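Chain nomenclature is as follows: A, B, C and D, assigned in order of appearance, with residue numbering initiated at 1 for each chain independently.
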């Protein structure tokens, strides 16, 4: 039941982000409660000069593996540069590749993402690209050597859930690398649904961070992800048009 | 965080049904694992003559409160008669009122349901009517003295989820008695969603009973219901059109 | 292809309402363009004393049949009284029965609606009740002698479209009287969809009246209703999971 | 109200395809009735040697502009070769660029599509690429000089409608070239909806060709597209949560 990406094994299928929390200590507590073992952090938020390295100091738990992301870059070239900085600063070759030239919707660039993925894979990075829910692009990234694909459920921060579900199902059917659904997951029910359709993991940030009670919400997501995975493994019944009564019609009145 | 209906307090917000399991012992194990404290059973399936009372013998756990249902009746008159039989046989005045004249979709009759609810309330029953997700009908049943309302999410056994969500939200907003969403909940994500919008409980039967692994599925529903409730209490963020990045745009490349 | 309700035959399957237009002359022009042959009007808006009967004077076209509605009544008793006033004032025994005790969502009362329908049918009215999309209630109204049923697509004025589609399909499958979808139709595409699933007609008001250009919008709805009906009769293909190319794969490159 | 793409002006916003019709004459009649002025044809189906050029002989009407497509190619290189063949055979530099390496779902390849679009634009082609509903890719294609973008609504031939609507809305908001929604449009209501959200045109093939009555269905799509466009121009009201009655509450009962 555990998940393997590259050389690491994860017991938790809930990956998390570190943005938007009202304080670093609230972030720390929430992420600990979430059970998350892979935590993404924007390179910008890491103090590259080593002073006041606030956010990192809150992530120094054996539970957490860091997944630096390239949020803010706009081209493959910038992404590769950022990845190298991140590797040096954080001493990990894991990388969440994010290239979004559009400042309004922060949607990823398929062309630059593939180009960067190819180069980063050659440079020895474990690349997890954040991309559109495009099944053909996912296969091309797989061929380029990424460790997992991270298609979006809906625009980042929109909390709209799995709007791309018809395409996510195709990606899951076809992918040989793990599929992590990223962006748009706004509620535990969305996370459960993602797992029910067979996703390998989800990445959640906004929905936990901006909740009125991030620690409780982190726990809710943890349970929902586990519930969804359990249901996937136990196999759900398919929707059907005609109702079939749970309680067979009785005839006792005629007896 | 516990739920009160009439004079009983429930720690679990997952109500369950007993139909369609492949064996009584599998039913017993699944329901125990689900944590459910209210279990509905069709009167027909109870051996009123006391012999071979198979199904009941599997429900003799302190965890379970029985909720006999009137599945199979077609009129208020039949429902009242069945309710009285059930009270005598099962020694409980709790009743899930189900009146569905339509053998194909098993949808409930609003007119007969209200009539029966009025009479049964006067006769001292704790009535939980299974009804369409009709906000006005729910208020009328509340006025008639029901202990809770049980609007449907979609047709029984359809596993289609919360198709009536726009009306469930109105019911939840207006109801002074607990709202239990019944019928159509096909996956843990549906149950979580029901709780996230503020339902007081859900009733699940088919989705657990017909799973390839009902015990695991029962556990999945238990966790999903708890996750959804926790998220409701911690307050979810609202969906928004424009994306807002979890990871603020970095400027490190310009530094 | 024409529609028959009671003794009248309609060439247009677009029924319309008269509320919310910015002026009576704009209403008149829009409804003429819509091709609508059945126009509902709230009794309140008709000057029962015969002076300044503004709205009616704009509806004096042979194209229009009037369908007075009982909007504003809260009980069957009030509805019957209003119906009799309407019959006298407007010299028609056609009636759109609307009973909505809830001032916020204006959802219809199933119990009072059935009671009023029974009585009005006995009094010789041609009754078209506005009701929830409740298949069992629709059958009971049919038994009570209504001329058509008017289930809602979503709450009045919400413009949310066919949220009740799963139940509308059952109603259409089972009904022996025409099914007119009322309330919630916010766009021509909604009206087309209603016709595609086999509804006999739709009633549209808000979406036309509050448009920036009601006359153009009336024409758009007219065309959409005709398009949807035509598609229903020509039979649509069913959705399928696997793609099937419109353009067969070519082999010319290998030639 | 007319649409301009490159140097051509279209009065009809319904583009059509030629696959799957049961006969060429039925195709001809349907397309004439549809009013379509741009008709796509797979290069493979054109007899490049000039004999028995059945399909083309049915498209020799002044109403039709031909849009050869590259269906069946798997790479940019193949696409450019096919485009050149098509230009020579059909004497047009218009081209629907389709590159789909996946034989099951026929989803387009973003990388090869951009590469081919860049090269074809340089070669003087009027390129209309069929692509995923990926807003960033659409902008890159626009920069590469395409004449329009053709994002998919759902997988080809699936008849599932506008599953990608959240992304189509972003594409429409951002695009400087016309947006033509292609693939998945299974019913006139889908086509109307596409126009209502501001698409410039739709391309329909399967839904017309496989209908029991393609000629009637072609007419239905024609009307639905016109209705949707008219509604877009007349501005639709927005969905709202709370109902607002079309018929103001009456007070006549109190008079």
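One rule holds in what follows: contacts are C-beta pairs under 8 Å (C-beta built on N, C-alpha and C of every residue); 3 or more make two chains touch, one makes a residue touch a chain.
The UniProt protein names, listed by chain, are A, B, C, D = Thiazole synthase.
Quick caveat: nothing in here was measured; it's all calculated off a predicted structure.
Asks: With centres defined as the mean of C-alpha atoms, identify the chain lying farthest from subunit B.
Replies: Centroid comparison gives D as the farthest chain from subunit B.
Asks: Averaging only over C-alpha atoms, locate the centres of subunit A and subunit D and give their separation in whole Å.
Replies: 34
Asks: With chain centres taken as the means of their Cα atoms, state the distance from subunit A to subunit C in Å.
Replies: One centre to the other, that is 46 Å.
Asks: Among the residues of subunit A, pick out those that touch two or more other chains and give their numbers.
Replies: Expected reply: 105, 107, 155, 158, 160.
Asks: So what shape is it, when you link every pair of chains that touch: line, ring, star, complete or other?
Replies: ring
Asks: So which chains actually touch one another? I want all the pairs, not just one.
Replies: A-B, A-D, B-C, C-D
Asks: Looking at the complex, which residues from subunit C come into contact with subunit D?
Replies: 17-20, 40, 42-45, 48, 69, 71-73, 78, 81-82, 85, 98, 103-107, 155-161, 186-190, 192-193, 196, 205-207, 209-214, 216-217, 219-224, 226-228, 230-231, 233-253
Asks: Help me check something: in the complex, which residues belonging to subunit B touch subunit C?
Replies: Against subunit C, subunit B makes touches at 100-102, 105, 107-111, 114, 132, 134-137, 139-140, 154-155, 158, 160, 163-164, 166-167, 170, 174.
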